[in-house]
Amino acid sequence: MTELPLFDLETRLGRLSDVDRDIGSLAAGGAGCLFATFVLFVLNSTLAVIPLIGFLAVTGYGWYAHQAETARALTFLATASTILILGLITVYVFVEALPVLQRMGVRLFGFTEPVEVFGVTLIPSVESYWSTSQHVYSLIPMIWGTFVTTLIATAIAAPLGIAAALFLAEIAPPLVRETVKPGVEILAGIPSIVYGYLGFVVLNTFLYENLEMANLGSLFLVGLVIGLMALPTVVSVADDALTSVPDAMRDGAVAMGLTEWQTMKSITLPAALSGVSAAVLLGIGRAVGETMAATVILGHSQVLPDPLQDVFDNTETLTSLIASQYGNANGLHMNALFTAGVVLFVTVLVLSIAARRIELRMDRKLGGGQ
Amino acid sequence: MTDTSSLGANAPTDTTVAENADRPQTTDRHEDTPDSWTDYAFEGEPKLSVDGLDVHYGSDQALDDISIEIPEQSVTALIGPSGCGKSTFLRCLNRMNDRIRAAEVDGTVTFEGQDIYQDGLDLVELRKRVGMVFQAPNPFPKSIRDNIAYGPRKHGTVQTDLLAKLTGRDDSDQEDEIVERSLRQAAIWEEVNDRLDDNALGLSGGQQQRLCIARCLAVDPEVILMDEPASALDPIATAKIEDLIEELAEEYTVVIVTHNMQQAARISDQTAVFLTGGRLVEYGETDQVFENPKSQRVEDYITGKFG
Amino acid sequence: MSYTAESELVVDNTSTAERLASAVVGLGLVTFVFSLVGVTQVVTAETTILGISLYDFLAGGLLLMGVGTVSLGIGSRTGVFNTSPDATPGAVTAALFGLGAFALAGLVASQSLGLGTVGWLLGATLVGGVTFAGVALAPEDIGSTLPPGVAAIGVAVAILAGIITPAFAWEPEGFSATLTGSMAIPLLLAASTLVTMWGGAKAYEGYGSKGRQTAAYLLVGINAVSIIAVLVALLLFIASKGIGPAFEGFSLVPFEWPFVTNGYSFRPEVVNGVFPAIMGTIWLVIGAVITGVPVAVAAAIFLTEYAEQGRFVGAVEIATNGLWSTPSVVYGLFGYAFLIPRLGGTTSLISGMLVLGFMLMPLCLITSREAIKAVPDEYRDASAALGVSRWETIRSVVLPAAMPGILTGVILGVGRIAGETAPILLVMAGGLRDDAPNVLGSFEFISSPPFVANDALLESAPALPYQLYATITAGVSAENAAAFGWATAFVLLVVVLSFYALGIASRLYFRRRLNA
Amino acid sequence: AGGEGSNTADGSESGDTEPLTADGSSTVYPITSQAGSLWNGNAPASDEEYWGPGQYGIDTDKNMADYWAGLYGFEPSGEEGTPPFFTSIGLNHTGVGLEKLENGQVDIGDASAPVSAEFPDRSEEELSSFTDHVVAVDAQPVVVSSEIYEAGVTELTLTDIQDIYQGRTTNWSELGGPDRDIQAIGRAEGSGTDTSFRANVLGDPDASMSGVDSRRGQNQQVKTDIDNADNAIAYIALAFVDDSTPAIDLEIDGELFEYPDDFGSLDYPLSRALHTYTWDGTSNKEAAFIRMLLSDYGQQMFVETADYLPLTDERRQEELDKLPEPSN
Amino acid sequence: MTDTSSLGANAPTDTTVAENADRPQTTDRHEDTPDSWTDYAFEGEPKLSVDGLDVHYGSDQALDDISIEIPEQSVTALIGPSGCGKSTFLRCLNRMNDRIRAAEVDGTVTFEGQDIYQDGLDLVELRKRVGMVFQAPNPFPKSIRDNIAYGPRKHGTVQTDLLAKLTGRDDSDQEDEIVERSLRQAAIWEEVNDRLDDNALGLSGGQQQRLCIARCLAVDPEVILMDEPASALDPIATAKIEDLIEELAEEYTVVIVTHNMQQAARISDQTAVFLTGGRLVEYGETDQVFENPKSQRVEDYITGKFG
């Protein structure tokens, strides 16, 4: 056996500091190069490529000489980039929206009548909701459209999806479950533009004819299609949540002489509530952000339906506004589309954080027994 | 219950071992003792009786031709090395095995004379009358009160929902009574009576296990099956559960699986010993089985030669 | 007949009641399927069976069901049938029936009788309240058979007696749509069939908790089957429309598949195809994978292997969730505002790649992190105990073990982004008639920074989902455009769903192998 | 390969064989896309259907694109399917096309309205780099669903149309049609068709259109909607009129314009020029393509087959004179 | 190794129990026997020596002031009831506790006289020389060969990657040698030599455990720490591992945690008994500890009165 000293204070300490110095300068160099690359790229300079080459060289040498440290540094950079990207999205979408945010102020949410509470005008009125020639941009019709379509989609996807998940997870024989579950997951992959195409070519006319509607395209149809689209996702996620409820809980109820249905309703479903509500919130998030189906199906008119509850009328959603107008928008008009992006972004972010909170809270509440 | 505390398998007692050592050492005495223990006679009708029970999981045989009769109002312990089929046997008695896909059950099990594997059997009713407590405590993620009242409510014994209240049929008092009685029976009332509305998951393991027993009692079963109810618990909690089981036997028929031979010796009236391969090799009064096992293998098992 | 402590352990189940109840449910299933098909207008009032109008036929069935259900309830109450009903059908059932009665009475009062708001509200509340109370106070057998039975008989009579005909039209106040008889009849039939079947299923089990279970299973099962059926019908519909045009001019020997190998030419004698779009999609995916996946996997490694739970990790988790849920069109806006000005000032393939890469990153990060977390700590411990450094352990033990999971996540993520339209709308676009991007052939070295140029990357390129959108905007009424669109939709579906199928299959495979 | 937008008229780029790109108006699209696709086909002179130069008084045996490009010194390829340079025509709106042109993303911006109407905020100076080429005339018709037409609404006054699009008339029965809501379909704001409709019919490019029920991005989508609906009215480009989207006669200031005969008349107030703008003068490549559009061949082959009105000879000559002289 | 087979705790042996019963029954004799076992003398330098070792997990104390010296080339068994800190102690010896965030270690541990908790220690080198085998077999999901060769490859002992091959430094032969020698030492070579390229996860539990021992040996450690290496195994596999450990002790220093007292008695040279609270209550020659424990609590534990 070769007797390697476990450590030899003098030599090892000496070497360590050498290595440290080397790694330190590499890290500094790499970080500097990367930062310069980023700054130059943001400043829109093709010179960004020069520090980039520097960074690659430093990384290459680091990989060769100090693989473990380099790898760790690179993985750290990758991790930090998630924050950077979210930050960039936030900044750039906000900055582009800023001119219109400043111009419109609260009137971004203005109605054609002023909003007053006890005689105090909270939101002054707008002449018309969306006028590109006068540069008046109120998002109210779009927000309403998004709200209504999301509501309809959720009303379809949530109950039906949860019921189907119950069937898959708790009732269906294993063979059925094992074949249907992957099938449902695959169905979740149908691209939204395909639904859009179907909606535009077939469903639009079908509803128009059979419901004797006044217009082709309606919030109702968009909600219906988005609901259908979100169904497989809700089914699949809710099913996962249900199956993760420990069998011991079910056994406990069944062994008391309860029917499986009673067990499902009063034990399994409540225990899986966090996962199931996450599934629903996920579905809602998808519905809020769904673009293509709405863009293709809706006739685009940026006014509130008249009367308001007329879901068979055409309105605009936040997403379809962007997709239908980006093409001929410039200047303030384009900035106005970014305000729709801001509202979307913030809404979905809030939803996602809320979903996470709910999940954590429920997990904490139920966690003990699992 | 006889005093069996000196019968701990590890404690050197009388000369049993020496005596046994003198007996002829047939390597497999199982073949010639298959029915000796069915002679085990007790007064009255058996509460549960099992005849020629075979269970397979797919191609694995978990129980091999088990026949046994279990008397009323007593504690029957099932012991045996890991994997010998104790849990499987227990689950056959209230048909919880139906929930395991791979399990295939042959033979007859009768409960008060009725074959529980016949067509048209009301599973829900059976499980109401043959309750079960599991190895790991599994309270529902609800309040303590709701855990206990859950069964009676679902079975319609008490009606406390909004509709019942509206129609003036509120059984809240009766429910409270059931909750208190069950918790008292399970020796946990004192510890939880001031926090009945707290979540049951906040209780300690031993408390949770007693809660599960209370939950089972609230449904008012006739038989209580327990699968290693104390294996997840510390010694103090275990002692409480053991006391409780002895008390329960005054009113209920208790069947308990345990891997702890001292425990079996302490609390049971009769003991059945299973050995690997799913065979029942000995069944009789607990004293008898521990002090003077008929089979060499059982003796080896009890004295810790294997398992 | 309420709960008895000692009810029978064994019940004899074969009885007249059971047979009658099965008949109700069986009849209901058939009626329901036909009604559902009727909603799509594939069959209509003109369809006849044995010379009778389909809807009359179905209404006849419904009438029988209604009568059967009512008899089941009365039979149980009078003791003709041996049942064990609970004291009441329960608050939920009562509430649902009450709500139904409220809605129905409200409609009749306001639309047919023409009562004002106060009038119909009063009438509806009265009828709804009485129904609620009646059902709530009735014994379970009566409460869960009479209301659906009566409703079924009512609907059946309305259809048979011609009160509701295909010519029926009701335009609800304040909605720009009309409920026509051709929609109303199948919808009413479907709804009342469902409720009646529910009652029948309860009666089948003799009510009680088992009755409720069977009835609930019936509805939940019908729901699940319907959902799958609708989605599968949708796929089949697209396939039926798309396969024809997609395989126009297809031959195996010599291999020719013009739709997949041709571009779009507008020349009548040439089959228009989606080759450029397929190539574009392939390049997009490659670009997105190159930008998104390494970063995602690296971040997942850092988060699971190096990072301590703390502020930073919390922030990263929020960022990842945020990125994961950001709507795709917002990615498009971001690309438009940030990338395009910096990458040639115009919509381009590379902007599309990067935006999709950004979208792919959180998807892969989350799945990769799960996959790495799932690698048992025993492996790490074993390696550490052999005196192997952390990075070496990650590289040679953790990553190989996590690879199947990572791969599965990547495949599923790719499936998702390959079908995305909204982000590339703003940053890539690409016309129907663009050529396939020639990325490999376009690299050039130039003397000024950035020293490498690639025109193909800086130009718009077509992609399958965008192509489908372009087909819609270019007008489905143009000659053959509809067929072209269906074929494109079909190819897009095949591409995207193949990714999903592959991903899910690999997950199942590896999971099974892991468990074995 | 989007041209740099800095094309000059001096013909020094004859060697430039990058594809010629165009984008913009969906109205002009039928003309330019058909032209572009035949250009790419580079049919031989013997191809009577698509080229046949003799039919248009052109004496050449060159292939189609070879001939027109050859006028500006591009090397002929002599091969069918390979023109001296390819063309790629995109479909969008006028506004997009003009913007892309300005940004140098395309060589030609298709437009169905003059640039001054598209960018009303800008001064003439700012717009001077847009080089205008008119290639055809559209007599913008108003179309209705065939059900409405068959029910007898075959003629409307200008005021009727204003009332519909400004929300004062909402039911066909008010106009002698069936008792049905009017579905007023519009084009996306920023499209040339919308701009000129507002200017010509509503009297102001910024006029309010509160009666619009839905707006569609392209003429093609509008036509799909009209096809599918039974209560719709829309303004559209002439190329998109057919039996399923019948055009109605228009009474303007007491004068009745009947479709199709009177629509070609210069008095028809909704007629408008269709433009192919170039940036900062016209390059040889652009000139070769536009010259083809302006030739007899182009007017017959692309303008008339698309159902637009060809330019008068006088106007055509004017436009041809704007182009750089052919180099051979 | 002395014949300790008759020392199984359950087997009634000589008169130990009776004798012990005569001794005064101090309820807690721990206080007065804290250092009695440090007297345990052996020849030569200790391979590992531990002094005043305390370990806390957060606020829980897992080890309380442990001092012990472990001789070379012998088997040292650590026994004690569940949760008494045996595993924790073992993990302190090669600093695997560093991998548990909550763990806080105080005191000194020296390996061949060098303090292994001092700054600048090369952890990798330490763990190379103090190897570890875990309770549950944990082969890598790689081929048998790759499992064994993993350590040597990573340590650069052998170079067989593509780069090495290209530069002509292929050590394949040497690697094969190491693989064979390690597998032979772990008594598994015969069973696997014809399928070295099969996945190691396809082996049985006992084979996997021996594979893990071989993997540990391939790195050529001086000390081998084993944490209940046989607890997941059947009796036959256990017997093989026990034989193996006895053999290993001729060359290596083996420290083994076990919950099976018979096992400790059978294979170890010295035994340390931990009791709840993380205290070391007895340490000495195995015969001595089992036959004549100094502490009443140890005796109770050994005779199965608790645990």
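Of note:
Residue numbering begins at 1 within each chain, and the chains themselves are lettered A, B, C, D and E in the order written.
FYI, contacts are C-beta pairs under 8 Å (C-beta built on N, C-alpha and C of every residue); 3 or more make two chains touch, one makes a residue touch a chain.
In this text the structure is predicted, and so the values were computed from the model without any measurement.
Path length between chain A and chain B in the touching-chain graph (shortest route): 1.
The chain pair C-E and the chain pair A-C differ in C-beta contact count, and the higher one is A-C.
Relative to chain C, the chain whose mean Cα position lies farthest away is E. Rounded to whole angstrom units, the spacing between the C-alpha centres of chain B and chain D is 88.
Chain A and chain C have Cα centroids lying 18 Å from one another. If you average the CA atoms of chain B and of chain C, the two centres end up 47 Å from each other. The distance from the centre of chain C to the centre of chain D, with each centre set as the mean of the Cα atoms, comes to 42 Å. Residue positions of chain E with contacts to 2 or more other chains are 125-126, 129. The multi-chain contact residues of chain A, meaning those touching 2 or more other chains, are 200, 214-215, 258-259, 262, 313. The set of chain D residues that touch two or more partner chains comprises 181, 217, 224. Every residue of chain C that touches chain B in the complex is listed here, in rising order: 2-3, 5, 7-13, 86-88, 90-91, 94, 136-137, 209-210.
Interface residues of chain A, counted against chain B in their complex, comprise 174, 246, 248-249, 251-259, 262, 266-267, 270-271, 365-369. Against chain D, in their complex, chain A makes its touches with residues 128, 131-134, 200, 204-205, 208, 214-217, 298-301, 303, 313-314, 324-325, 327-330, 333.
Those residues of chain C that touch chain E in the shared complex are 308, 376, 378-389, 392, 396-397, 400-401.
On the chain C side of its complex with chain D, the touching residues are 176, 265-267, 345-347, 431-435, 455, 459, 470, 472-478.
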